[in-house]
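Chain lettering (A, B, C and D) follows the sequence in which the chains are written, and residue indices restart at 1 in each chain.
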């Protein structure tokens, strides 16, 4: 029995087809889905695609940024106005993977994958979803928390406010260079008000089943300066809220041990 | 960057050659860069069928029942291959050289002994159909306790893994559960040496990870023969193994290979050919059996893990006088080639050094994991890791430069090795000297002058022997038991100087030399 | 159910009927018959099956074949122009950049994708370009040297 | 953060061919009527260069140019028995078999040439460029092509040869382990330079300097391929590789090349190699075999370098950053670098 491939011009039609069938899976870039298909995964009976140009849209302004879920890592790397996201996109697989891998797919990638989703979490992104009941929006934190419970929802895009210049930082720690799966990744948005942090957003990848916020560290940074003394309290509580697991890449113990080190290096600018 | 030192050993070589020694281009390179090189899977046949294998999810279990009725009715399925279909369903690879007993089935019938052990095969019109049909097979198991640690497996009352070797050890010479090496008298040497360093080393299993996975295509040929395109590293080894398992005369098999996408030892086990041939016989069609990457990673036989204990005794002047090694090879559930590696390991003790008292016990142990097999450096890589870490710890303990320490103890032409053969054609000292020079690692003049060759100013126990090293920290006191990496405090300099070596007695049979003294003898 | 797909392979129009969900690697090898593309994992993790689609490097094993309709696909079979080897092929030969040869087609295509876009890359860019391609034999160094040499050869020609 | 550099050394030897011997290989060499030679083997080339090295051995022994020899491997109908490509036996065992076959073929070739030149075969020599000439009288010569034509069509001789090489199987004394494991050994000494991050346990290999003794480097470029690639594999074994990350616990086994860790092109380091050649008395032109031993010294050299850098010993492979960090914590903090 082969897989049925259904291609739709409109996102809405694709979303309807997706929710209509249990064995239906949406085709983003194929980096996750095609492996399942190659392995004859019984959970995949139908591949739903959409050729809707809106999916690949990159709407970049000085204020809000809207990225279609179908935009690839390569497309982001080609967009000069998204330079602050290039260090993130460049860590996703090798060049060939980046030509295929999409933002939408990364939102569904399981730990230790999903580094771009980690960045989006630190950017307080809003996820646009087309379900059986039409369009809706959801804060990314909520989306990631409910991701594995949620039904077959179709993410159409993400949007977020452009971070202040030089306020966004990202580091991915991997064993293998240049292409390595994350031991952990840290994304941080560090807005400065007269030299002091206000409203920091810090997200961890590979520190739980999905990317998680480092709220304790965020609180500890509030009103602090980015120097050794200023970041110390945040580093001290770095691991709060993190629940890493043992996998083939690294043990939970090691991930937990080096998380504060890499957070400190990132905050002090010694990272990446 | 690669450089030659033609000046060294120049007098032993005739460099007046025309083709040998030239950087001639590879004969196969044009095919490689154009993609034209034909690997086993680059041959196409009309009506090719695909074989996929149902594997055990348990490390150790009794198979209660197998229900493949639904799979048989699944679309595309041409044939199901069960244990009963395998003509000779028990084999061991080295039976080809009369070493060891048949202990491994091609398809498990009653008991599975490792996670991933083949149970049943499905031949279908596409790999996908075969995979889908596999999902329909229902096997009920009674899980059994499993053992995963080599030393646990040797304890009394441990779970018995392999019915052929119920004590979980390979049987050597019909009477021993391990391979022995006995030379000199380590115990009295340990009693008289200045420094003892002991440690435990654990190797990891390692996957060969060739970019081309194991596989083969068996094609029915004219006159009842079968042409087999294969990724094997050993053509006749695989041919004879396949012939035995299929109870076929070997001349009914025509194996074609020779262009292989990496092996490193992982393509000796003949994992796919016997069942591909059986499937082709049972269906009359060409059949491909190709391991998936996941199968290759987890079930395609890794380099086995070894656990090695080493105890070394040395004198303050740097001479190692005793080395005792106990090694356990984790063979997994079946023998494959580990029994051979254990003997090779015993032969390698004590490494490239002349040590008058050597003791070795090497065990080939069965556990409930993927059967191990050969890999680059088989039987030696792990021992070298253990011994060369020991050498570093000994040098630290004695307070000697690690390269000078190796040169001092390195075997020289004419020395007697622990397996009682004379060392010849040695070159360890010269390698150490050149590496030190290239790395700007300072070693003293007398060590730069030493040589592997007979007669040269070489033997540390001879008059040319350097005086005890001056390097910090100072030598360890007599009989100090040293936890490896902490050097001893300044010594109590009251240790009697070691006795001069006894003169070499006449070589006994096999040129063996009797060792009358702890310090042994060195031929000159 | 089979679907017709038509695309350009190394400049030639080809048409193939592919199974639903078929990947491009199987389509090229089993249906079209281009055996120069090798498969290493069918998981998208080794780069062995790297081909160029509209000039961009892609992993054929995780590319849905029917998404290639109307696209232009390059494999190592199209690298050589008649008897003349591509500078990358020449450089791989001169630098002994292949041993078993199984990863070589994918390496060459990954390198071509780089040089087509950036004729004179830095060593870091070369490393990045082959970052997704596994080689178990060479230790990568000869491959990196070969690609850098090919780019220098390109400079000489354009100069 | 503190990074510490260190150097470590290891020296090794490696036995050539199957332990105890008993691993034969055969070869057939024959000429076509125009003096081009084919070597028929059942041996395998899995990247190590079997086809290329046996080709050079055959050309050297016959005394003809390399282009006039082609090696055909691994067809069980045409290639005679070979034990297989493992145990560093290819160059030594197969090389010797090819050499023996080529010698036999050369003898016929020289007889045929002698008959054509009406001289004694003992007075002839090959020039390595496709001609056979009278020693001291080079003007009196004949091409290998003409010799092959004459042998085939006038003299009725087959310019061909059969070769086998076998190190007879030796016994082991069960009580003492007395045995004859191998007839020759390759040697190496390797120095690794590493940098260790004492906050994360991460180890970077900065440089390797090595000396390998291989009997005879039949082809320096193929030797370099083995030594460079083998050292990479040694580094990979030392720091990265395992299909059972929590051995002997069997959890979390890698299923793909993302989970199975091996150093990538961004993790490699310069490797300064020197080759020594002390010919093996029984090796083809003295050759041993570089294929396996090249990886072995790297593992302990890196382990010793880590100790030299931060003073911790990790005795379990692979030496993951986690193990280094655990060891560092056990001895609380790393000392100042003890770089030699």
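Here are a few things to note about the model shown:
Here is the rule we go by: a residue touches a chain if its C-beta (ideal position, glycine included) is under 8 Å from a C-beta of that chain, and two chains touch if they have at least 3 such contacts.
This is a predicted model, so every value here is computed, not measured.
Counting C-beta pairs in contact, the pair that comes out ahead of the other among A-C and B-D is B-D.
Chain centres here are Cα averages; for chain A and chain C they lie 29 Å apart. Taking each chain's centre as the mean of its C-alpha atoms, chain B lies 16 Å from chain D. If each chain is reduced to the centroid of its CA atoms, chain B and chain C end up 36 Å from each other.
Rounded to whole angstrom units, the spacing between the C-alpha centres of chain A and chain B is 44.
For chain D, the set of residues touching two or more other chains reads 46-47, 49, 221-222, 224, 230, 233, 253-258, 260, 262, 264-266, 271. Residues of chain A in contact with two or more other chains: 2, 39, 177-179. Residue positions of chain C touching 2 or more other chains: 19, 40-43, 45-46, 96, 99-101, 127-128, 130-131, 134, 136-137. Arrangement of the chains shown, judged by which pairs touch: all-to-all, with no pair of chains left without contact. Chain C contributes residues 1, 3, 19-23, 42-44, 47, 50, 53, 56-59, 61-64, 66-67, 110, 113-114, 127-133 to its touches with chain A in the complex. By the touch rule above, chain A contacts chain C in their complex via residues 2-5, 27, 30-31, 34-35, 37-39, 44, 47, 49, 74, 90, 93-97, 99-100, 177-179. By the touch criterion given at the top, residues 175-181, 246-251, 253-254, 257-258, 261-262, 265, 270 of chain A touch chain D in their complex. Against chain A, the residues of chain D that register as touching in their complex are 1, 199-201, 240, 245-246, 251-255, 258-267, 320-322, 325. Per the touch definition, chain B reaches chain C in the complex via residues 25-26, 28-39, 41-42, 44, 126, 128, 208-213, 259-262, 264, 292-294.
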